[in-house]
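Next up is a structure, given as structure tokens.
The chains carry the letters A, B, C, D and E, assigned in the order they are written, with residues numbered from 1 in each.
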Amino acid sequence: MAVPLSYYLILSGFVFLTGVVGVLIRRNIIVILLSVELMLNATNINFVAFSEYFHNVAGQVFVFFALTVAAAEVAVGLAIIIALHRANSSIYVDDLNLLKR
Amino acid sequence: MTLPVQDLLAILPELVVISTACLILVLDPILAASKKDLLAWLTLAALAVCLGLTSSQVTGRQYAFSNMILIDSYGSFWKLLLYIVTGLTVLLSLAYLKAERLNIGEYYGFILLALAGMMVMVSGADLLTIYLGTELMSLSLYVMAGLKRADARSLEASAKYFVLGAFSSGILLYGISLLFGLAGSTRLPVIAEAIATQGTGNPILSLALVLLAVGFGFKLAVVPFHMWTPDVYQGAPTSVTAFMAVASKAASFGAFLRVFVEGLGGVSADWSILFTVVCLVTLALGNLVAIVQTNIKRMLAYSSIAHAGYALIGVVVAGRQGGMAASTGLPSVLLYIAIYSFMTLGAFALVGMLRKEGQESDNIEDYAGLAKREPLAAFFMLVFLVSLAGIPPTAGFIGKFYIFMAAVNGGMAWLAVVAVIFAAISAFYYLRIVMVMYMREPDNAAASHSRLETSPALSFVLACALAGVVLLGLFPNGLWSLATHAAPLLK
Amino acid sequence: MDHIFFFYFAGVIAVTSLLVVALRNPVYSALALLIMFFHVAGLYVTLHAEFLAAVQIVVYAGAILVLYLFVVMLLNVKTEERYHNQLPVAGLLGVMLCTEVILLLIQSRTAASAVPGDPVITSGNTETIGEVLYSTYLFPFEVASLILLVAMIGAIILAKKDIGDTVQ
Amino acid sequence: MLYTLIPFLPLFAFLIVGLGERWIKDRAHLVAVPAMVGSFALSLLALYEVALGHLVNVPLYTWLTSGNLDIHIAISIDRLTAVMLVLVTTVSTLVHIYTIGYMHGEPGYARFFAYIALFTFSMLMLVMADNLLQLFVFWEAVGLCSYLLIGHWYERPSACAAATKAFLVNRVGDFGFILGLFLVWYSFGSLDYATVFAQAQHVASTTMNVLGPFGGTWDVSVMTMICLLLFTGAVGKSAQVPLHVWLPDAMEGPTPISALIHAATMVTAGVFMVARLSPLYNLSPTAMTVVALVGALTMVLGATIALTQTDIKRVVAYSTMSQLGYMVMACGLGAYDAGMYHLLTHGAFKALLFLGCGSVIIALHHEQDMRHMGGLKDRLPVTYWTFLVGSLALAGFPLTAGFFSKDDILISSWSAGPLGQVLTICGLLTAGLTAFYSFRLVFVTFWGSSHVDPHHAGHVHEPSTTMTAPLMVLAVLSIVAGYLGIPAFLEPVFHSAGSAAHHEGPAAYGIMALATLMGLSGIGAAYYLYVLNPNLPDRLAHQWRALYELSLHKWYVDEAYDRSFVRPTISAANGLWKHVDVSIIDGAVNGVARAVAWGGWIVRLTQSGQTQHYALGMTLGAVVILTVYLLF
Amino acid sequence: MTTSFPWLSLIVFLPLIGAVLCLLVKVESARWLALSFTVVDFLCSLPLWWLFDSSTAEMQFVERASWITSPPVQYSLGLDGISFPLILMTTLLMPFCVMVSWTAIEKRIQLFMSMLLVMETAMLGVFVALDFVLFYVFWEAMLIPMYLLIGVWGGANRLYAAIKFFLYTLAGSLLLLVAIIALYFQGGHTFDILALSRGTYSASLQMWLFLAFFAAFAVKVPMFPFHTWLPDAHVEAPTAGSVILASVLLKMGTYGFLRFTLPMLPDATVTFTKPMIVLSIVAIIYGAYMALAQTDIKKLIAYSSVSHMGFVTLGIFVLNIQGIEGAVMQMVNHGITTGGLFLCVGIIYERTHSRHILDNTGLAGPMPRYALFLMIFALSSLGLPGTNSFVGEFLVLAGTFLWSKVAAAFAALGVILAAAYILWLMQRVAFGTPSPAHRAHLLDLNARETATLVPLVVLVFVIGIFPNPLLTRMHVSVAHLLAAPKTPAFAIEPRPVPPVIPVPPAAVAALTTLSSEQANAR
């Protein structure tokens, strides 16, 4: 018997929210990016699962693009991190506090 | 595998933009530092070509590339607006980059790439293209926000924008995945059809709706997804801020309306309630917090938040009326954003070029006595601020007028009343700038008062923005008919 | 059988994703993520997405995560001594969200009713994807390429020292 | 049309002198006096014409129309008007002439002439009105002239205060007047005398519920309301109790003004108004009673105060008030002709007395306190003798004009029922007091030893002819006016008055004798106290301290008003401003602004600069929305 | 009636041309330019006095052109008997505003003059607009120039006053905008004022619209308790600004009541009559009390404006001919009189640089001509018969009396109080002896100042003595306003006027017109 779709959805929901919480509670910008990766992976699980259940390749293609975008984001993100580290010697997000109020 | 010519013709403007961007990226290392201006002119030339191309596309409705993209009057409206504001931004940047001693030829390439992303956003017929367009735009903007690397604030803005942007795009993507799960496709018409056949009570749909609202809410900078805006607007180089505040917001509205009206029109009753609340808190927060700002860029950021709130009224009304063709809600949003673009761009142009000792002077206090030092600049600022406050006979009034018309027509007069109360409050912070410029003397007698660093390019930008603000205020017919022509084609 | 595979992969994915968030040392977090990536790839295989499984391993595990680790090492990132001070609020929100999302998901009709039939794409998954990528999804593909271009040049501009900071 | 010139000659004089003040300067009288003389001559002509039985009515123009409100400005002369015209122009002409000497060399010479010309114009228009609104308009206009002239010496704070007071007190009266006017319009649909009088009988039967707006019921005859409200105006203008307080203070103005405005003409406008509107008053016994009582009270009050005053002009002023009381009382008792008769004779002798005072004052270099006078009869013979004539007339000495008119009043009152008889007794007593204080004035000022400031004593001399000639003319008039048969002349106007045949009968002679006796004893008492025993008054004052103080301080009316109206109003205004306008109303406005700004401050705190707070905000938003979705 | 010549456009936009030119020229020329533009504008408006047809209630000098096609907003202008006097008053006052600013304004004269001229355009536009949106555009457009006038050239506390003025009035008028739009949808999809006036609206809608209109107009008037912006704005504004504020801006509120509230919302008007009248009377008395408490001359006059404008709103809401004609008269008269008073205060401020009463005492001695003018305006302000203000106040009180005798009595109390504060002011300012500190500066009026005041003084008397030419020009319009068929509620219950009895010959003998024949024969 095939695994019901809702199992996948619950799994992805859990992973997604773990990622969300990670973004909220981790101070290290790198780990925050890792958490975002969790969110993206959760999404991907959704897409693939739906794709399977709809007998439709579109979901898999979407994942492919999402993966591309994730890679691009990582590139830019890490560049920003390096620039930040160079300027501030810190990669803690809560040290970014020049701009407020 | 063949490339149909029609498809290529349909995306000719995009192609022009992209190829010019690539050309610039290639040319940049070759050109001598002193000749980087050429790149700007090249950009402008490309925009001019696009303007012509898109103008020929304002009628009709044509899908291209396997229904991935839709060339219609709605998208063309936004594209035309984007060309104009991008062109003005480029001109502004020409002056601004010199003043900031930033010499990055890629800058123009990024502007064009971001523009390409925006164009994809507003003409995407598939959530995939819209998502990719959004990412293209966002990634360009992340980079552009951090371009002033010598300034820690610029980097900080970039980092914050990036972190939150990635976060929000994750949320958006999750929403898209759920929609895909609902309809088995990411094409907007298919989604609309699925909603129509399955009914609206599906929880997964509600969840998707909320997640999409969060994702787009972030791009539109509406409360409570707005919080990046002030920080990023303040930290980013001003020309980039202007671009973000104007072009990015316009494109986001374009895509947002496309998705919510065309794709999720079936549940418009749901999302109009959601956006009513968002609209109210946006109006309230944007206007209230703007009052207490001391930095003009931050103030304008809050002002742009508040303006998104006004535009949302039109969206709410359209949603409430089920996106009816009779509703003037959508056209009024289009009109509002177009008008908003001119006045905000004008204001940011001035903010960016008012400098003292080579530094941008973005503290409101720096504007003290400006009317005496720079009467013309002060007058321009006055007009932009008055228009932002929505006082006739400027275009800002026309924008609010149509929004309120739509609201009252849609049976939401109370919303209009709330909006006018906040409009009155908003007048306070706009007028405070006028007050500082015209009625206050600078505190210290030092010679280091901010002055406008003029250049022909800047003058042209200001003149265009002023003309837009004044002429659209006096003769809104043309823009309105464009907007009414564009909006109903959303179905 | 499917269930066993699913529960194995799902279990590991859930645990490692928690670890990514919970472990204070970024290197450990990254390694946990790496494990998760592998298991996600495994899950893809059970869902007949072999191509994606491969891409997942090659791109995510092989490229992205290595990049992360590289940066972590490069910047000599220390262990976080504490979480962000909004942990309680965020945790509460997370729990609430989790409950709500799961509630919504299991109520939803698609999830409840959809039971997979025979996968259309039983074989040649890679071929099919390649086919559509260059036909139906040609346009997004090109846009994606632009995204990569932006990312590349953007990363260079941001990370490289002394670019364009001065005129002349 | 010729009669149009009666008011307009003074108006032209005013315009020429007023606009050309800078060029005319001390030649002002060359314009004003001839104009006044012309006006006087025309008045006589008008009197003649009216005596022949003609009436004059010249509509000048339509002042305003609005709905059924239609008001014309007109010149209308009947017997009542004609005698008023003669009185006004006579006194005015004489005062003009007198002024030449009195104001000689003053900086405001031309201005003064302009004002009195304007006053004369206004007064003439007032008496010639053929509708209530014109009456009211010029009623206010004479008030304005009075204001301007009282404040003629504007550097003197007391003069300015007096002017303001005069205007304000009159405004209070006019408040009633204008409401009465509206009530007339409301009830009759018109303000023209002719229309109103023609319908008076009809309206007299209607009543109105005064307490209606407050939920109560108190039906009052409309006619009574009208008459009482209009009479309020007369109370103010004719210085009747309780609005009499302005008149004595008005003596701050130059003396010719006191003679013209505050004795002979303007203050009598109230009496004139009541007489003019006699067809209305006759229909309201209640109002008549009130009028009579107020008149009597004023009469007594004025006389008692005049007893102890030391300022020469104030004594005369209080006597004016008292005499006005006589007239009003007469009108209230229906004896309009008697009232008007006394008005005319009083105009002559009171003007004389004031001008005489002016003469003394000028001679003593603006000394007004009679304790610093004395023994002037040899130095100022003309003044003395004319003043004496005036005083005799005031005291009602037989065969003077005052004797006849006052007796006319008293006799008429006696025949007007029980109230009238009570009031007649008051009148008799007052006659005694009048004789006493007027001769106190004569004796203290002109007789006895001199208390004049030795500084000036050397050059006290009779003023110029321009001042003495009017005195002599007025002295003659003070006698002659009694023999002109004025009541008979006016009788047709008041044909409805109930006292037609009152001159006959033993009661009349009895009262005449009594009045004469009272007058003579008053004079005798004054002679005893101030000539024979000059120290006695002080001792008496000491002995009857309370009464003396009461009289000296004018029954403390001013003080009472100050405490009950003036000061509470000012402090209420200040209190309202500080505690209501600034604190509450404006405080609310600023409070809203502050609350908004405060809200901004608070919300701004969420913008902490912490990226993750922002992400938390987004998440929170999503959670809230989702929760709402789940719950509803 | 359509005329071939666009009088109104000419009058309205001529100053705008001047405003642009003023910005481009030198200081000296800016003054002359502004003066000549305002004078020419006045001269242009003068022919209207004769061209105006007082026999019709129709709009006259109508101009129509399409402005915005969807929704149909028209550029349409026109005049009737109610707006007509206000136009003349505005064009008349503007030259004086320029003249009084001749030397008083020392900085940025070009901008000042320009703003004055922009104000003129906006104010005139408000009075002639026949399209609601056009009206609103003009109505709001004046906020910015006025804000600058107060804020740039004002007194010490000018920033507070300017922003308070702006926000207060803006808040009110924005609600008006919503009401206008609501009317559009309920009134047959038009913004045409005349068409909207012909429409009928449900009672509840009228109620809401009335409140919105009230918010805009009552703040502008200003009615109690929305008046607190006025003293601040008046006090801090430069003289010309005060004059414009008092003379024209305040009238826009009452004009709004007349032009919009009464014809469009008749039922709500009747419903709200009582509260409106109570508020008016409170304003009359309260304003007067406030004036009594002031020691700043301008503030005193500002509060007196609250009181006087109370008469205007009172006259409007008693809903009868006398009341409304009185209100319009009072609008014009208050403009002239209070304008004159503010000009006078400005003149003395230029000399002593103080508006405090105690710093400006005894002016009659050194400045007799000035004192004379001040006295005339003061007397007019307290409503002395023979001056212009009496006409308006009299008519308003008459109208009020028809509505309620008690209300009239309370309103008339205001007249007493007006005398009190004005005379007390005169007693302190004009009379007495000058304070030695300022004595040397107290030069009497120069030719320019005299020329500024004389025309107003002449008007004070001309209108006071001959009000009828002005009144006849508004009779038909006011009657039309009250007699519109859809507003039966306005009809005051017929007054029990006794039938005019045929006058018996005996009574005629007393006083009738038989004598006039004789007089004429003479």
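The definition used in the following text is that a contact is a pair of C-beta atoms (placed from the backbone, for glycine too) under 8 Å apart; a residue touches a chain by one contact, two chains touch by 3 or more.
Worth saying up front: this structure is predicted, and the values here are computed from it rather than measured.
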**OP:** Would you mind naming the chains that touch chain B and likewise touch chain D?
**Re:** A, C, E
**OP:** Averaging each chain's C-alpha atoms to get its centre, pick out the one most distant from chain D.
**Re:** C
Original post:
Comparing centres built from CA atoms, which chain ends up most distant from chain E?
Top reply: C
Subject >> Pair exhibiting more inter-chain C-beta contacts, A-B or B-E >> reply: A-B
Subject >> Innermost chain, taking as reference the mean of every protein Cα atom displayed >> reply: E
**OP:** Averaging only over C-alpha atoms, locate the centres of chain C and chain E and give their separation in whole Å.
**Re:** 72
Original post:
What is the distance in Å between the mean C-alpha positions of chain C and chain D?
Top reply: 102
**OP:** Return the distance between the CA-based centres of chain A and chain C, expressed in whole Å.
**Re:** 6
Original post:
Hey, how far is the Cα centre of chain A from the one of chain E, in Å?
Top reply: 67
**OP:** Find every residue in chain C that makes contact with two or more other chains and list them.
**Re:** 84, 86, 90, 93, 97, 101, 103-105, 108, 110-111, 136-137, 140, 144, 147, 150-151, 154, 157-158
Original post:
Using the touch rule from the top of the page, what residues of chain A touch 2 or more other chains?
Top reply: 5, 9, 16, 19-20, 23-25, 27, 33, 44, 49, 54, 56, 58, 61, 65, 69, 72-73, 76, 80-81, 83, 93-94, 96, 98-100
Original post:
Residues of chain D that touch two or more other chains: which are they?
Top reply: 593, 604, 607, 609, 611-613, 615-616, 619-620, 622, 626
Original post:
Each pair of chains that touch: what are they?
Top reply: A-B, A-C, A-D, B-C, B-D, B-E, C-D, D-E
Original post:
Mind pulling up the chain B residues that touch chain D in the complex?
Top reply: 159-160, 163-164, 167-168, 171, 206-207, 210-211, 213-214, 217-218, 223-225, 227-228, 230-231, 274, 277, 285, 288-292, 425, 428
Subject >> Of chain A, residues touching chain D in the complex >> reply: 20, 23-25, 27, 93-94, 96-101
Original post:
In their shared complex, at which residues does chain E touch chain D?
Top reply: 164, 167-168, 225, 227-229, 286, 289-294, 320-322, 325-326, 362, 364-365, 379, 384-386, 390-391, 394-395, 397-398, 401-402, 404-406, 408-409, 412-413, 415-416, 419-420, 423-424, 426-427, 430-433, 465-468, 471-472, 475, 495-501, 503-504, 507-516, 518-520, 522
Subject >> chain E residues within the chain B interface of the complex >> reply: 68-71, 108, 111, 133, 136-138, 140-141, 143-144, 147-148, 151-152, 158-159, 162-163, 166-167, 170-171, 174-175, 177-178, 181-182, 184-185
Original post:
Hey, which residues of chain D end up touching chain C in the complex?
Top reply: 612-613, 616, 619-620, 622-623, 626-627, 630
